[in-house]
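In what comes next, subunit A is part of two complexes: it sits with subunit B in the first one and with subunit C in the second one.
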Partner chain A sequence: MISLRRKKNKEGSLTSQGGGPSLLGLGLSLPPLLIVLVFVGLPILIGLTFSLGFTTGPNRVIAIIGQQIHKKNHWWGTLSAYNDVIHDSRFLGDLGLTIFVTVLSTTLVLLLALSIALYQRLIGGRKAAVLVTLSIVPLFVPVVISAWAIHTFYGGDGFMKTFFTHFGVDFPTLTSTPSAIVIGTVWTSLPFAILMISSGLQAIPDALIESAKDCGASVFRVIANILVPLAKTPIIIAASFTSIGILGSFTIPLFLGPNQPTMLGVEISNFFGAYNRPQQSLVMAFIVFAIASGIAVLYVRSNIKSARESGRL
Partner chain B sequence: MTQEGNDMGLELKGLKKILGGRVIIDDLHLSVAPGEMISLLGPSGCGKTTTLRMIAGFLAVDAGQIFVAGEDVTALGPDKRPSAMVFQNYALWPHMSVSKNVAYPLKIKGLSKPEIAEKVDAALALVNLLHHKDSRPGQISGGEQQRVALARALVQEPNILLLDEPLSNLDAKLREKVREDIRQLQRRLGITTVIVTHDQEEALSISDRVAVMNNGRIEQFSTPHELYNAPATEYVATFIGSLNRFEGDLVSGLIQPGAHVTGIRPEDLTLSMQAFEGSHPGVVELIIPRGHFYEVVVKRSDATFRIFASENIPAVGANVHVGIKKSLRYLNGKLVA
Partner chain C sequence: MLKKSMRKPLALFAAASLAAIGLTVPASHAASSTIQVYISADTNIQDLWVKTLVPAFKLAYPGYDVNVTFDLHGDHDAQETAKITAASVLHKDPGVDLIDGGFTTTLGAAGLLYRPTPGLMPNIKDLNKTVLAAGKGGIPYRASSVLLAYNSTTVPTPPATLDDLLAWIKAHPGKFTYNVPSGGGSGYAFAQTVVDKYLSNADRATLVAQAAPELEAKWAQGLETLRQLNKYTYGQNGTYPANNAETLKDLATGLVDMGTVWSDQFSSALKAGTMPANIKVTAIKNPALTGGASYLGIPNSSTNKTGARLLANWVLSPVAQNLIVGGTLNGFPVIPLNKLDPKLVTAFAGVDILNLRAAYLSANANDLKSQWASTVPGK
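Here is the complex of A and B:
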């Protein structure tokens, strides 16, 4: 692409002069940009207008079918649907559970991934290699299968319950509780976090660790002062991707979680389908989207900072 | 454990290291006086870096003992040893500023903030980098990074300073400058220093004594002058400087078949257009310019010699006379008096 651009620059036909944006470059990037705009941007825009009470045009049919539809009463729309949702105690319970599960699961995933990746980086050897390989296995198991496996393991008639009953111990039933969602999300999210953090730690040269030890640093200090700060960017990427994934998770909470409160991914689906309240469903989706955007800002900021530090920006 | 009657800066006793089933270091002994600067010199794979890493504590020894200032440190980890190392690639932490890099070992020791600030400024002033204290390592040159690494090592006030090929990443001009800086600093502070290098010029110019290593053993540990003028083994004679090596003895100025190996430095040969006492005739085969002198290859009836000459350079094909001022004699690889 660079050679193409240079060639065209010489001819002065397709590209602008003085190093400005290239028309050819724009042309090449246009198809994916259009696909994103049409298939992602446009539905988001239509959804946003519907949540604000614009019930005509592309929203006309769904406004007829759906229940408790609020129509706009200002030029910019109405916040009545938003008002419905944020004053709904069920939504507040769902939001609380969603945030609780997201924070707890992300924390556990990061702690586990960091521990395994640090073990691999500092100790290494065959045991570490086996551990990392095993921890990546969930990546190759479909989520629905994992959910059922966890269900049969921790359920009321599951393996754990049966096993402990033999010893006269009443093992708690974890399915249909937030604990089962946490177990499920940790299981499914761990491989990506390990791959991300492990690659970040492996990229740190041995000499940087040895020089810290030479300065008198204990293993704990090497981890806290050298390894974690140097792997900060992959850790933040792992944290943001994991938390956004958990925030919007559907299969795990549907199969393993309680009915009420439930996570917002399930509740959005219920509101859209079972309760036939598409406008409120969209409002919830936008609230989840807003939270995810906040997490995404952290990710983008970290990327920009990393690019600046490495001189790419 | 304190070594009885030991006043050494550093003492290595019978060190052995096996890596991947191969003996890398075998029965290595070395004594370094306090305040002395020595070099471990040898080709790649001779075991010099392995030895340095054992002294620093990054590699456990398989046999032998390491004493620093009379104290047995063999069982101690790198964080507990009274040594500080300057790494080949400087190993500065990119997320910390220059001053934070230098302050790190002091922070670990638990010094107060004013004490740390004072010592860091002093260390940076020592290497003339006080103006870069707030810069990140990535914002300064390779030579400056090298000096920061040196300041970080010196600020620990170690008993032993270890330098692992510290100049290998610098260009030739800068290398000379930094080499002189290191030497001056070492002399001023009187710190016992071990430097690992594969560059013989660097080793000979910077060290009080040089240990030439080969296959995990020290071939000779002497002053640069002794090493060059009286190499104890044939290996050292060929490794240090240039050498005309002949299998045979020197008899009446001619190389004759014999049991010894004869070595003659190119500068120990005299080249003249006229015959002189002890000289023998030859023909110039090749002339190689080597900067401020020429390397002249002369074929005589007994052997072909490489001679360093700086004036009266003959032409190729000229008839010349070559005399031998000094030679070295080896039997089974050892110097014969």
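Here is the complex of A and C:
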């Protein structure tokens, strides 16, 4: 079955015909590829050399302005800036908070998105449609606006506090706490995860669910053994995009988080701007980059796997 | 056939789109009658230049044209600093003749500003010598001070000295706040003032004038005092407002009874009605909260230094200083009060505007912000 499909694919494929169309393919893919290489790849490379203490050439200007600049003392550079960051009393707290918020928020987003998507898939109807539509709303609210809205809602003079005071309840001030960051990141990340997961679940044929039910499977069993496994790829895509987005978030932790520890996105900006330590801020950026790459590997692997299963690879 | 005929335009399109991105470099300007002014600040400063200073300057010097580039909140300070530094190193035109922004002193410290002399800019004679020297080439043209704002309904007699203030904070838990030093100058001023309490006058002067990492160990005692305030400030677990605006908001909504604010931002809020009239400001002593000048800078590499000097010199004239004081900005002047319109001067009773206690040189200030962040909040 699989070999048959592959064969058919080869025959029908455009790329295997002569040299012309492949040149066209190259022509079409070259501009975005070059733009990524020149405007993203090259600056990353230059940034890496600067973090290692290469302070000449393209890094000359920033080395003149920045403070606490380390210059290379080996042919390959120096790890002094990395050493600075690892031994900075703020860094471990920042890294811990960043990972904590990323893991907790991603888990919450996946659970919420999955429950809304399952509700729509299994029960459906008008109510479910309205619920899904409403849950997409945060997608159209700019992050700065929602951050301030959450701030005025949970702040010391916010709605929750004022409302509960009328009943003699002292509602806690959530702003300047990690909880507020989690609320904010869940709010901003939810719509994408719902779109992704609900479309994945919608693609599963009714026949599979109905035949399982006919064999006496409970709703829970249908979810655990049919719906979730078949929607694995969209769930993994939603998980990796959500976690990478939260890992690099800036506005939400800036407005809603504690001053210290803070998430690495905010700390990178503090080090680059307020403390004028560009080298150390780059080191932190590379650490975030390394974590994000780890998540990206999961995403790419799941993509390759689903491409293999559907015979595209 | 059709595909083949498409290939060439496609490749051309690809090349053109790449070239378009690569070649969007700013065009240079040659006309020496145009002065390029770069402003990195809030909208009140944009209004000061565009609506007040530039029209008045053009009236006085009809031969000159002023082109203002505005960057809100200094979002592009790092890029602009890099651009001007690069232009200076490469002896190219930076496209800027006069800068008004926080990064002027950074450029001055790096030796990238033209150093004004009384011969070519006569009006700098009227400036405070220390303030001028601290600019390292930057030209002070307006000032503002950080003041203690208080709710006059709940606090009938505000503290007069820093020690009084520290005692008041401890006696009234949760009623005082200052913003994160890296987020705004009003909170920074409080942090520096507490740190300065334990320093000698000589050490304070050194930290204002030059980079002095060896003196930074002496900040420990002040930072410890600030850390101990964590349980008494608003939030009570060591959390602080993110910026100047948030402190003003906390005062206006009655969350706190006392906080440090910029004089000009407070006056503007009072005029605009966003600050209730029962919130008042006062200056404390021993040591006073810091204040400071805003500096103009002429990059070394500017191609129109003559025009930039003319404009900067005019901004220091009594005519222009009256505009800065009397307009919507509510700024402090940098020249002696007896040269100004007597009607405008009454607003400064009680504040020694020409001898404001200066903030540290930016390199030391950056280190203080960083050390505050590692030792105070949440500890």
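Worth pointing out:
Keep this in mind: the second predicted complex is superposed on the first by the 290 of 313 C-alpha atoms of A that agree within 3 Å, B and C clash if a C-alpha of one lies under 4 Å from a C-alpha of the other, contacts with A are read in each partner's own complex, and residues count from 1 in each chain.
As a working rule, a contact is a pair of C-beta atoms (placed from the backbone, for glycine too) under 8 Å apart; a residue touches a chain by one contact, two chains touch by 3 or more.
Remember, predicted model here, so these are calculated numbers, not experimental data.
Looking at the shared chain after the overlay, A:T49 reaches neither subunit B nor subunit C. Look at A:P261: by the touch rule set out above, it reaches subunit C but stays clear of subunit B.
In the superposition on chain A, A:S146 makes contact with neither subunit B nor subunit C. In the superposition on chain A, A:S302 makes contact with neither subunit B nor subunit C. Once the two complexes are overlaid on the shared chain, A:E210 sits against subunit B while remaining clear of subunit C.
Subunit A is touched at more residues by one of its partners, and among subunit B and subunit C that partner is C.
Judged by the touch definition given at the top, the superposed model places A:S80 against neither subunit B nor subunit C.
Residue ranges on subunit C touching subunit A, taken from their complex, read 3-4, 6-7, 10-11, 14, 17-18, 21-22, 77-78, 81-82, 85-86, 89, 106, 110, 180, 182-183, 234-235, 238-240, 242, 250, 253-255, 362-363, 366-367, 369-370, 373-374, 376-379. By the touch criterion stated above, subunit A contacts subunit C in their complex at residues 20-21, 23-24, 27-28, 30-31, 34-35, 38-39, 60-62, 64-65, 67, 88-90, 156-157, 173, 176-177, 254-255, 258-261, 270-277.
Against subunit A, the residues of subunit B that register as touching in their complex are 56-58, 77-80, 83-85, 87-89, 91-95, 104-105, 108-109, 136, 138, 152, 156. By the touch criterion given at the top, residues 205, 207-208, 210-218, 221, 225-226, 229-230, 232, 309-311 of subunit A touch subunit B in their complex.
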